[in-house]
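Take a look at the structures below.
Below, chain A partners chain B and then partners chain C, in two separate complexes.
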Partner chain A sequence: MPTPKTEVHPLLSVKDLSVEFGFGDFAVRAVDGLSFDLHEKKTLAIVGESGSGKSISSLAVLGLLKHIGGNITSGALNFQSALLGQTVDLATAAEGTLRKIRGNEIAMIFQEPMTSLNPVFTIGSQMAETLALHQGLNTKDARKKALEFLDLVRLPNAKRLLDSYPHQLSGGMRQRVMIAMAICCQPKILIADEPTTALDVTIQAQILHIIRELQEELGTSVIFISHDMGVVSEMADDVLVMKASKFVESGSVRDVLGHPQKDYTRALLAAVPKIGSMTGTSAPKLFDIPGITAATGVTPNATVQSDEQPVLEIEDLTTRYDIRGGLLNRVTHRVHAAENVSFNIYPGETLALVGESGSGKSTVGKTIQQLVEPVSGAMRYHGQDIFALPKEERKAFQKQTQYVFQDPYGSLNPRKTVGESLVEPARVHGIVTTKAQAQDLAADLLKKVDLPTDYAKRYPHQFSGGQRQRLCIARALACNPSLIIADEAVSALDVSVQAQVVNLMMELQAKHKLSYLFITHDMAVVERISHRVAVMYLGQIVEIGTRQQIFENPQHSYTKRLLSAVPVLNPGHRPTRPPLEGEIPSATRAVGDEPALVNLRQVSEGHYVGA
Partner chain B sequence: MTDTTTQTTLSWFKRFLYSRYASFEFLTGAFLTATLVLLVIFSGLIFPDGGTKVNIMARLTEPFQSADFPLGTDPLGRDILARIIHGGRISLLVGLFSALGAVILGTVIGLFAGYYRGFIDAFVMRFADIQLALPFILLAITVIAIVGPGVDRIIILMIVSQWVQYARLVRGSVLSLREREFVQAARSYGLPNIKIIFSHILPNAMGPLIILLTLNVANNILLESSLTFLGLGADPQTPSWGGMLSEGRSYIQTAWWVTVFPGIAIMLTVLGLNLLGDWLRDELDPLGQTR
Partner chain C sequence: MPIFRFVIQRLLQAILVTLAVTLFVAFAIRLTGDPAVMMAGDSSGVTEEDLARIREALGLNRPFFVQYFDFLKSLVTGDLGESFFRGSVRDLIAIAMPSTLLLAIASMAVSILISIPLGIHSALHKGGLSDQFIRVLSLVGLSFPNFWLGIMLVLLFSITFPIFPASGFDSWQSLILPATTIGIILTATNVRLVRTQMLETLSAQYVMVARAKGLSEWSVIYKHALRNAAISIVTFLGLQFGNLIGGLVIIELVFNWPGMGTLSVEAISQRDYPLLQATVSILAIMIVAVNLAVDLVYGLIDPRIRVA
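Presenting the complex of A and B:
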């Protein structure tokens, strides 16, 4: 329980809240005896891993649980309503009362800016709807007020935005619209459920900055739900940790994140990759977290000698996507997803390819895996030019590289047993032909990723996200590849699980001398796992070098911007970074309008920077 | 994160009550369908004469009056119960085979069109649009007028006109499935397209297909009845539900049972299949599992 600093009643006081889904023998308890106080003008962060009940608690505050089939089985949510001039128990209040409070005194920002705006209405009419409902404004006044709040969230050209449709805005702009909508009735409490998780780091920094400023201007209390400890450390006054629907600990942000009392909190914090924690070391390092993942005595490969022959040499790789349009359906625009990308990957090395969404990093991976045809460029595997080979032989090369996708829920066929899925690549390339061989291989692969061998008979839905990602890695190992392309492979996982999977990847690398192309936007994980880093911006590599060179001596302005936007886990520290304005420009260009190529110049041994 | 395997200590009856089978839709639907299938399979044993025995002395016997003719007789004195049970053969034959044929043809076309896109897709789908624009009855009358009536022709006609809806449905699923990561993953390790289509995409597109199939079986039984009613279906000697309705039409004011009982048979069959289809749809819908 956070100790009330003053004798003033908290704005919202939650006592012994329990929420269940389902009935009778089949009831699942999603929140179990949760208590907290939210004080005026304070930010309370609720942190925990997926399934810990943090979102459910916030929906309970909004009285939206019935809508998704949940029941508040015990507890009280006492809210000091200025509107009704009394204390309202949100757990028992009538639906009509809740409707008056919801959106007016308690508002919410959701995680997915892409789906939480209605695509068929303009921004203006969606905002006006809220204002008309709660403040009884007519269309003209509502519009004026909407404009005011769009200005407040620092959206440029607010007037024009009012008549735009959601699809015309980028993710960051949509999230700002969502915030404007949430605050336009000047709520007492703003609930932000993972408001920046779906956004790029530089955009995330903008949004966090806006929320902080608005809170100061309007005096709103914020319940901030997040799994990202860095973000929490920057945003929160008080922190509440949840695990498996239960309360773990709470207190001021300095106490909880700085001097955690409970083992779980300590483990959770240890699993968070901290940017800058590896300064001075050249080799990657395993996570060592008691209770979650222990170092196994395997040392990750040290930095690789570059006089060895590379596994893969990529030279001037260019991949573009055509956009057709016009009367004759001709190519009018092209997405310049990858332009003149060149790099080498050495045996046993991890090259991290980092960049924000739309930078073309996945396209590079997909081109190497031959899922996408390049426009030009060469790819040499142990000196052999792959793109010059006839089609059949190129297919055979696919077994040398394997792809691990981001979504552990989507990349295994739900209708196949895990055993079948695991050995399929080996079957395709004729490595395994009989049933007995397939079973042996499946068992062997499961052992490699530390899963029990009898899991082969199960179906993907019986596994957790982390286990599924292990399965995907196991499948990637089926053909004994020399290179694994991991496309955001750990981004969708909870931190503790992420630490385990990253450790597993490093162990496998050391044991089998694997090379990784690690595609990600998460700079903190990159610092842990990679030997070398390539930074991509608008389809081109703007900086490439060893991990130390990039993290300790970034040269390109975009690299610097990317690194400074990463939230730092340093409780009590409020970032002073200037809010970065603007969006990443689009890589879509009209035909004939070729982008200027970045010339890389050498700064030091192996460190190249674009002008 | 943790495996929660709840120990089942419930009695079999309680387990049944909580199982997916304890639903009105499944129990009623399964009962009706099973009864029909059993009756049709054993119709030869129950009524060896096939309901074609004419007994002019007993013509238009009222139902529930005589033990020989529990549901009465038609204008030729044929037992209506026997004719209904024998007539079920034609109805089920047409209903099942036309739907099966259409589902196979439509699925294969839809899978390829959706997976390969491009020219095949454009061609097939425009052809499908044309097909959809043709009224079925008009098509049926024209074709039957040229090639003559018959059960086999009706089945072929139905397949030819109904593959379109399956093709469209499957194509829609394929369009989203082909972008799913497990399909991308299969492509990434070099699985041939034909295998991706049949072993990765098809199983995941089955849900809606099965539902449309059960609905279509029911629909086609009705359609067969109307075609026979119009004289385009089975030959008049063989009992069929549609044919019985057609024969009884002129007697509807004096002998209601001649039309009403075959009508009830059609209704119960369609009801049974629709209930099963409904149940299946709920079961296969991931959201339905949270109930």
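Presenting the complex of A and C:
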């Protein structure tokens, strides 16, 4: 017998929403005919890659589009306002009505915790402002209430925080403040726009846990905007997929992530590197995603034999940054960015250096590229001690290692053609001297990264992020290096683009016997691409071993913590164990206060773990 | 503690700059010619002995560094000595300095009153008709030589329509034309500064957050955005004020304003060493002091510097 149906009105019902930027012939459609319902106490995740229109849709709900130049050209956003006791169409409501709802019944958390708080006001006054506005509280009561909510998001020392300024807080703490600020009027709807994208994975786990708890406690509905399928799988009840400003599909999280109906969703899911998907294989594996990356017949290098001579041997490398202070400007503190770091990289091998922000992984890369001077330690390139060489001869080694940076937008000179940028390293090192040589090299490099050779005449702004990162890789190849240091090189890219660039890197490695030092915080990508993995914590390597050893048999508590914090793409699965609390400690220490050195002991062939 | 160090550092720098400037002033003045010749007047009957006597009387025959240290001492004690021709230097400066400060402050006030609202308006309507109009106007303002604008205002408002006095400093009405002239010139720069700073802060994410809280546009713009833009604007205005104190010479001459600029020019034309040394050095010290104050105020209005 069918259960009697009760008419359930969704809290928010979006119908045929279209948003345009600009007017007339110059109008660009950013959202095209989007419809969805958000029910009470439910979490709806809107997923898609950059430019899909997911953030724009959320700003439309708040009626804030006009401030970034957008207009709602059609559609209705019907919201059941308890405050006003009626249904309000947020697309057409008067500004005064919207202001009553904003921050009160519908609140929002933004992506960048570092810039979401106003730097010139204290945390307390920024929170009190909302409470005074919507609940008419006086300063004293508003502070009391603010304190309650800071406690609710588990901020330690909440009382002191009220009088702190944003710059005194870490990113994770700022995001908690932002959440406390958003929920302090107990909104019916909380919009979270990529709330954890800028945070470290263990901090991300904490923030997601807090949002889930608050949702249960306060009965808030959440619109969760994300590009991260793992996060979505852990957070959402329902999922809506967008692509290029259009609706693709929607449904329950189990249906959409478990049994996607549309090709795009399937491809998107296939491009997501999943931790554990490589269990049992020893060699890295190319992504094979129809419509995104095609198999090219190239097999990635198998695990490298360690009886070969290493390309690079790093021994007890220590790099510190001085912090000066006091009346006489003496060195009072040091950042122990890298302490006694030792590892080898073999020809044709990828060593992944993983860790969270402040772990010193980038410092190691920069020290190898000789962008910073180490305090002590040795670095041997094909057996030759680099730091023992005079300055001029060290330069010759520089061309053997090349750096690829995270930000593909900032690392190409906007005033130079792509061709000029590509051959620049070769020019600096005197490998090309004539114009004809330069043109040949540029064409050759573009071919290597699968880009048309006539791109050499164009300028960087004409390329997408993924193409630019290909160009950066091409430039790194200009001097025929044997080692490429990739510092978060794929972290800023959308998953489908990331999959392509990761594939490209593996193919280039197989073809040219390149070695990679792959510096990243993203464990899932590491599992795909690397032969061996070194885990860094507070400037020291705490565990190093083959990919299988680290992922299938992690020994150090930090490695385990890092792996368990990664959101798993397993629809319907909710992490139950609360994540470990606490901030990532700082590697800054007073002069004379030397850190305890981690002693690595061997647990199995090639697998070393810190005590 | 870092604040304390910062203050000490800036103070020491200020003292060094002052020493360097006064030394340069004392040295450079002596390159301009012999004041004894000037004092002796008509050169026909003047003998070498007459000149020597004058130099003796003025103390000009002593070694340069002795004269310089005397001058430094006089700066520290505040007893600035006698002008060659016009009595106590301190009395002269005590009259001229307030007039100059008054004119500088009035000009800044005119400029701030115009440029902050216009700059904000321009930023809020970026690309609109009023924004373009304001920007063109600012460009025109930048291209005017200030003395020319001063003369035009005098022609218009003192001669064609005799509303305000053309020169001197007899009443508050005398202040209107010179302050407006400088105010307009400063506004041309300041409008652009306010506009750029506001555009920058308005696009910051915390401004969107403020809107998402449900705050009124007024509160978003004047509290959240302007308070941040003010950090750079106040710094720039402070430096501008410092420059203005020393840069009023031409306008003071155009309006015959009895300020430090006029006094310095008179001292130059008469080779009045003690007076010139004192006016130029005191102007330099004022500029250094204002710069120092700006640095310290910057620390006060930006919590990122205040609370390290």
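Heads up, the rule we're going with is that the second predicted complex is superposed on the first by the 605 of 611 C-alpha atoms of A that agree within 3 Å, B and C clash if a C-alpha of one lies under 4 Å from a C-alpha of the other, contacts with A are read in each partner's own complex, and residues count from 1 in each chain.
Keep this in mind: a contact is a pair of C-beta atoms (placed from the backbone, for glycine too) under 8 Å apart; a residue touches a chain by one contact, two chains touch by 3 or more.
The structure displayed is predicted, hence computed values, not measured ones.
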* Check the residue A:Thr115 against both partner chains and state whether it touches chain B (first), chain C (second), both, or neither. => second
* To do: Would you check which partner chain A:Arg380 touches, where first means chain B only, second means chain C only, and both and neither mean what they say?
  => neither
* Asked: Touching A:Lys399, do we find chain B (first), chain C (second), both, or neither?
  -> first
* To do: In the overlay, answer first, second, both or neither for which of chain B and chain C A:Lys145 touches.
  => neither
* To do: Applying the touch criterion given at the start, work out whether A:Asp407 contacts chain B, chain C, both or neither, answering first, second, both or neither.
  => first
* May I ask you to decide whether A:Glu129 touches chain B, chain C, both, or neither, giving the answer as first, second, both or neither? => second
* To do: Pick one for A:Gln168: touches chain B only (first), chain C only (second), both, or neither.
  => second
* Structure fact -> Overlap of the chain B and chain C interfaces on chain A comprises residues none
* Asked: Which positions of chain B touch chain A when the two form their complex?
  -> 1-3, 10, 18, 180-182, 184-192, 195, 199-200, 203-204, 290
* **Residue numbers on chain C that touch chain A, as the complex places them** => 1-2, 4-5, 8, 204-206, 208-216, 224, 227-228, 231, 301-304, 307
* Asked: What part of chain A is in contact with chain B in the complex they form?
  -> 25-26, 49, 51, 69, 369, 371, 395-396, 398-399, 402-403, 405-407, 410-416, 421, 424-425, 428-429, 462, 464, 466, 472, 475, 478-479, 494, 497
* **Complex interface listing, chain A residues touching chain C** => 62, 64, 67, 98-104, 107-108, 110, 112, 115-121, 129-130, 133-134, 165, 167-168, 178, 181, 325-327, 329
